[in-house]
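Structure, as structure tokens:
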Amino acid sequence: MRIAVINPNTTASMTQRIAVAARLAAAAGTDIIDRQPTVGPEAIEGPFDGALSVPGLLREIVAAERDGADAHIIACFDDTGLDAARAVASKPVIGIGEASFHAASLVAHSFCVVTTLSRSAPVIEDNIHRYGFSTRCRRVFATDIPVLELENPESGAFEKISSFIRQGLALGAEGVALGCAGMAAFAQDLQRTHGVPVVDGVSAAVGLAETLVRCGLSTSKSGVWATPARFHVLEKLS
Amino acid sequence: MRIAVINPNTTASMTQRIAVAARLAAAAGTDIIDRQPTVGPEAIEGPFDGALSVPGLLREIVAAERDGADAHIIACFDDTGLDAARAVASKPVIGIGEASFHAASLVAHSFCVVTTLSRSAPVIEDNIHRYGFSTRCRRVFATDIPVLELENPESGAFEKISSFIRQGLALGAEGVALGCAGMAAFAQDLQRTHGVPVVDGVSAAVGLAETLVRCGLSTSKSGVWATPARFHVLEKLS
Amino acid sequence: MRIAVINPNTTASMTQRIAVAARLAAAAGTDIIDRQPTVGPEAIEGPFDGALSVPGLLREIVAAERDGADAHIIACFDDTGLDAARAVASKPVIGIGEASFHAASLVAHSFCVVTTLSRSAPVIEDNIHRYGFSTRCRRVFATDIPVLELENPESGAFEKISSFIRQGLALGAEGVALGCAGMAAFAQDLQRTHGVPVVDGVSAAVGLAETLVRCGLSTSKSGVWATPARFHVLEKLS
Amino acid sequence: MRIAVINPNTTASMTQRIAVAARLAAAAGTDIIDRQPTVGPEAIEGPFDGALSVPGLLREIVAAERDGADAHIIACFDDTGLDAARAVASKPVIGIGEASFHAASLVAHSFCVVTTLSRSAPVIEDNIHRYGFSTRCRRVFATDIPVLELENPESGAFEKISSFIRQGLALGAEGVALGCAGMAAFAQDLQRTHGVPVVDGVSAAVGLAETLVRCGLSTSKSGVWATPARFHVLEKLS
Amino acid sequence: MRIAVINPNTTASMTQRIAVAARLAAAAGTDIIDRQPTVGPEAIEGPFDGALSVPGLLREIVAAERDGADAHIIACFDDTGLDAARAVASKPVIGIGEASFHAASLVAHSFCVVTTLSRSAPVIEDNIHRYGFSTRCRRVFATDIPVLELENPESGAFEKISSFIRQGLALGAEGVALGCAGMAAFAQDLQRTHGVPVVDGVSAAVGLAETLVRCGLSTSKSGVWATPARFHVLEKLS
Amino acid sequence: MRIAVINPNTTASMTQRIAVAARLAAAAGTDIIDRQPTVGPEAIEGPFDGALSVPGLLREIVAAERDGADAHIIACFDDTGLDAARAVASKPVIGIGEASFHAASLVAHSFCVVTTLSRSAPVIEDNIHRYGFSTRCRRVFATDIPVLELENPESGAFEKISSFIRQGLALGAEGVALGCAGMAAFAQDLQRTHGVPVVDGVSAAVGLAETLVRCGLSTSKSGVWATPARFHVLEKLS
């Protein structure tokens, strides 16, 4: 099985880190193909960056299908471009945000989300509301740690994330969804420290993609995600 | 006051029709500036077209602000790109879909929506859910009349729309939102025929835009719609 | 265009202040006619006062229509008597509470309300729930400043309101609706101080009323707001 | 125990019928005191009649308390004036609409409502939404039988109500709330015919009132239903 | 009238305390029959205990019906086994959790719940969500006082419960539901101390059971609570 | 990896069919261990059967953990005993009902459920509401085909299920969840016939279980699903 993991921003180091997390979670026999657009924002911080990453993301999905991908993962916690991607792809598409919420709700009666930027929290809240997880999610916290600082051991990222997790548990959360692909490396340690399940969206999305492929399920083409009539516009926009 | 009405697709005849409706609804002293992108889909039928229209739409908003617009209207019933547009603009932005729901809920205890394409209905339903109008909207109906056929007197468009309105009223709707800018010309006749308020989104959006400007209200920049840091990406994508 | 702004309580100084705010927000060519009942409560503090103000309010609406009003505004943040008023009027009716929520949700992803009395907060929360704005409103705060103290510079009203706004912003609100017609004078200063949109309901209602009139939209008479059969009862109750 | 059952309209025959139903349901030792206002609408058909009945209703509540009532029932399915009544009364107040929904949800996983007038259905739907019974109620049906026709054996009322009950059961309802005090006489026969619980609101309200009195529970005065400061207005309005 | 009050756990002292509360609330002429299973958990702390108490509970319900019970009360705040009990019983069944929520919402615009164990709070929250009381309940608090400590005057239980009530009132609650049958003895004192209605579920359930019996209402057998086909399994499991 | 698939009823032929479906969906290297209780109902038709199957189900889970299971699947579409099972297990537990809803919502904007018995539909609707999928699920249909008839080629099961799917698609559903483990054999043919994704819960649950195990995620023990203190009761009940 071949799964395309697409980082919708143009920062190659991020793409590499995402690919590592994806490969660790994949079953034997699953190939992870990592991809990123050639143009577009270097990071996705809010709806403007999100919207501008979509044309590049869609082109990567088209290319990945041509290369034989059996499923696609959009590796941005905002699930940027998910509807458009489902329309262009013939194979299933999963966002790492939704994957986190699905996985968290299978192991935690209620959960909290810890993300990076304040300005992304409302995007995530809108998605949670739309997907139906509002009663399961106690709060979306923003640490306001810049994404690139996550790897810096001096940034105190682990402790900052931990302090929000403690707040979430005090509100009744029984699990955590890490709201940024760059936090994946902390998941296991946080899980050990806090004694509750801590979900990394990339890993969860790999499992969900494998599940859909093995079940022979793909995106419905009967409604909102029907194949678009104007593929040519995608070429013109490059 | 100067209001930019932006048709996010590239069909000039549609832009003209929208501008006519907008000018009819504007107060004395309001200038309506119509705009459309130079590249992008010719019509917005589903989330793929929607996503691909956004870069062009955002450039028109930037240009309209440079030309002194006091407010912006996105003239697509799907409210395509609304969040990204609010982030790039310093002046208020209104989608004609949301404008219709706001106006309809001020004159009808509950309403129905009559739109063109089946594949757009779920996009509209998602917006209604997200904005909070789910308890006010009885049903979103799709007539499956092609947009360009709306003007053809032989298409039977008026009678088709009427038959869905009758279904909506039987479900308890007390008003109607016309779910396509191209239906504006029918609004008054439908209102007379069915004896209930029939809302055209372009007209409603003009009034709401004037309201915000006169009240000195503009998009909050404190959260999800903060000014983006990567304006340069918009240039590169053209 | 002639808009009747009806203060449902019997305090003339309040009526005058409301009229000032309405005239400031009105478009050129809009006449604001202020009215107030001759009997009824001097202030509307909770559901008892609200209920007892309705007969007087309805008589003012009937009189305003006779005088040629094109639309009516109920200038109480509780939207007292809104359904009954829509039934008696042939022209559109807007409450300043609902007007605030509509306007706030066009410029703020989520907002908070700052009102005067604790006992009115549940009335406002019920309205927000009923209109569909529950997911948009983070919290309704009561300052417990008596309405008449709002004008007293020694009351510290501005700073009290400000401290609740700060709490609301900490909860993620990106805008504010001022929950009392008497707070209108603070709106601009609060907006400047906190850097987020601050909505005054009277101004917003004027714009919405103008919008409906220009769009040729009026209250649906096909359902709950149908013209009542027992107008005579209104006469007897005076 | 003394329970005041207040018919908020001025039709004495209706008051008598309501009193009969209340006495049948009362426990041994419960006195039912029936009351009706001296002025106000003869029937409550929509929000205008509802609003105009409230001053008279409130005066009856004040009088009933003076006469030693331990609890009050508002015998209109729209729960007209319930909030204002709770504010003026020191003893508990129950509406027959809410009583029906509470009772129905204890014996039916989901239920439907069969009421008289189309124009009242949205009032009932709003109440159901506000009280929290939206997921329990499948549909509110209006028979459009005039209230006074309910007693006329030639009106076919029983069969008309039955046909809506059958529709409700087909939608999954497992019980019925009769949405008009005038339908009480049919309750037992309808229950036998359809084999599902059929709730009469007056009877249910009597039981709930007795329950609150025996439990020593009365309306909270700490918030929205606090005792009003302007009782004098009630006198002036008569 | 004969009402079976069934304590689903096997602790006899608890059964006695519950019976005392039930008898105090019952109308003249109501016999309270207390029952408890012979096997099963001694206390119900979370879903495992809840599930294991159900077979014993169901046998008590079958026995109570044989002994002529007119209604059944499940005296566990989690409403353990309520659906299964409604299926086996031909007479109405009420849980003390749901009874509390119904009663509280008749006397308080919004309420809070104060229960014993943290691990039970999510069970209660799920029930509140399912029954439709989510908008009425501000928060479910867990005191983490062990049930048996409630009677120990040195446990400080009264003050602990009081401190959570104060928190609830600060959040806008206007009433309290005591989330454990063992707290019934505190209800009156707490009501006096805090000046808001404090609901004991056992008393409320007795009144609701009497109400249903007097109204001639019993559980619908047309749907989910239809009489089961496999009564024999209940015998085998003992 | 070892996954225990537990049929909570005592019909061995059903257990075998479920095991076949599970093995077809499992990844290479996943062992499927099928189990069923020794006592309890032969089929789960409504909440009584559901409740009585739980003690046996829990014993199978305890035994499966002793045998080294890495995850557990409850193979009943009602998700019978899911909370209690999560409490006793140290490894993750998934119900096939919830698995279906999660999978369906990843490939269909909205879906319908086609189950066997009318009396089970409300159980499924309650679960959908509780999990948060209410806005995603258009309708739960009951075919009223007895479970054992599903395999009988003369029963017309395929055509009956198909006719409900057509109704669901007409309501806007874009996918289907088959609401009974016994329908798994039809999934592929139904998918081909109707051109939309058709989800079998057993297959979906296997994928989700593998996902959780590979991600190192297990049930939170910090709250409602904490390990019970009274394991001994389970022994006594056998």
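Note that the chains are named A, B, C, D, E and F in the order they appear, and that numbering of residues resets to 1 at the start of each chain.
What we mean here is this: contacts are C-beta pairs under 8 Å (C-beta built on N, C-alpha and C of every residue); 3 or more make two chains touch, one makes a residue touch a chain.
Remember, it's a predicted structure, so these values are computed and weren't measured experimentally.
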Those chains which touch chain E and also touch chain D: C, F
Co-neighbours of chain F and chain A - touch as defined: B, E
Most remote chain, CA-based centroid, reference being chain F: C
Separation of mean Cα positions, chain F and chain E [Å, integer]: 30
Chain centre separation (chain B, chain E; CA means) in Å: 52
Inter-centroid spacing, chain E versus chain C (mean Cα positions, whole Å): 43
Residues of chain B touching at least two other chains: 109, 121-122, 129, 134-135, 172, 174, 223-225
Contact graph of the chains (line, ring, star, complete, other): other
Chains touching one another, given as label pairs in label order: A-B, A-C, A-E, A-F, B-C, B-D, B-F, C-D, C-E, D-E, D-F, E-F
Chain A to chain E touching residues, read off their complex: 109-110, 135, 172, 174
Chain D residues within the chain E interface of the complex: 25-29, 92, 94, 98, 102-103, 105-110, 131-136, 169, 172, 174-175, 188, 191, 195-197, 199-200, 203-204, 206-208, 210-212, 214-225
Residue ranges of chain B touching chain F (in the complex, touch as defined): 121-122, 129, 134
Chain C contact footprint on chain D (complex, rising order): 39-42, 45-52, 54-55, 58, 81, 83-84, 86-88, 118-123, 126, 129-130, 223-226, 228-230, 233-234, 236-237
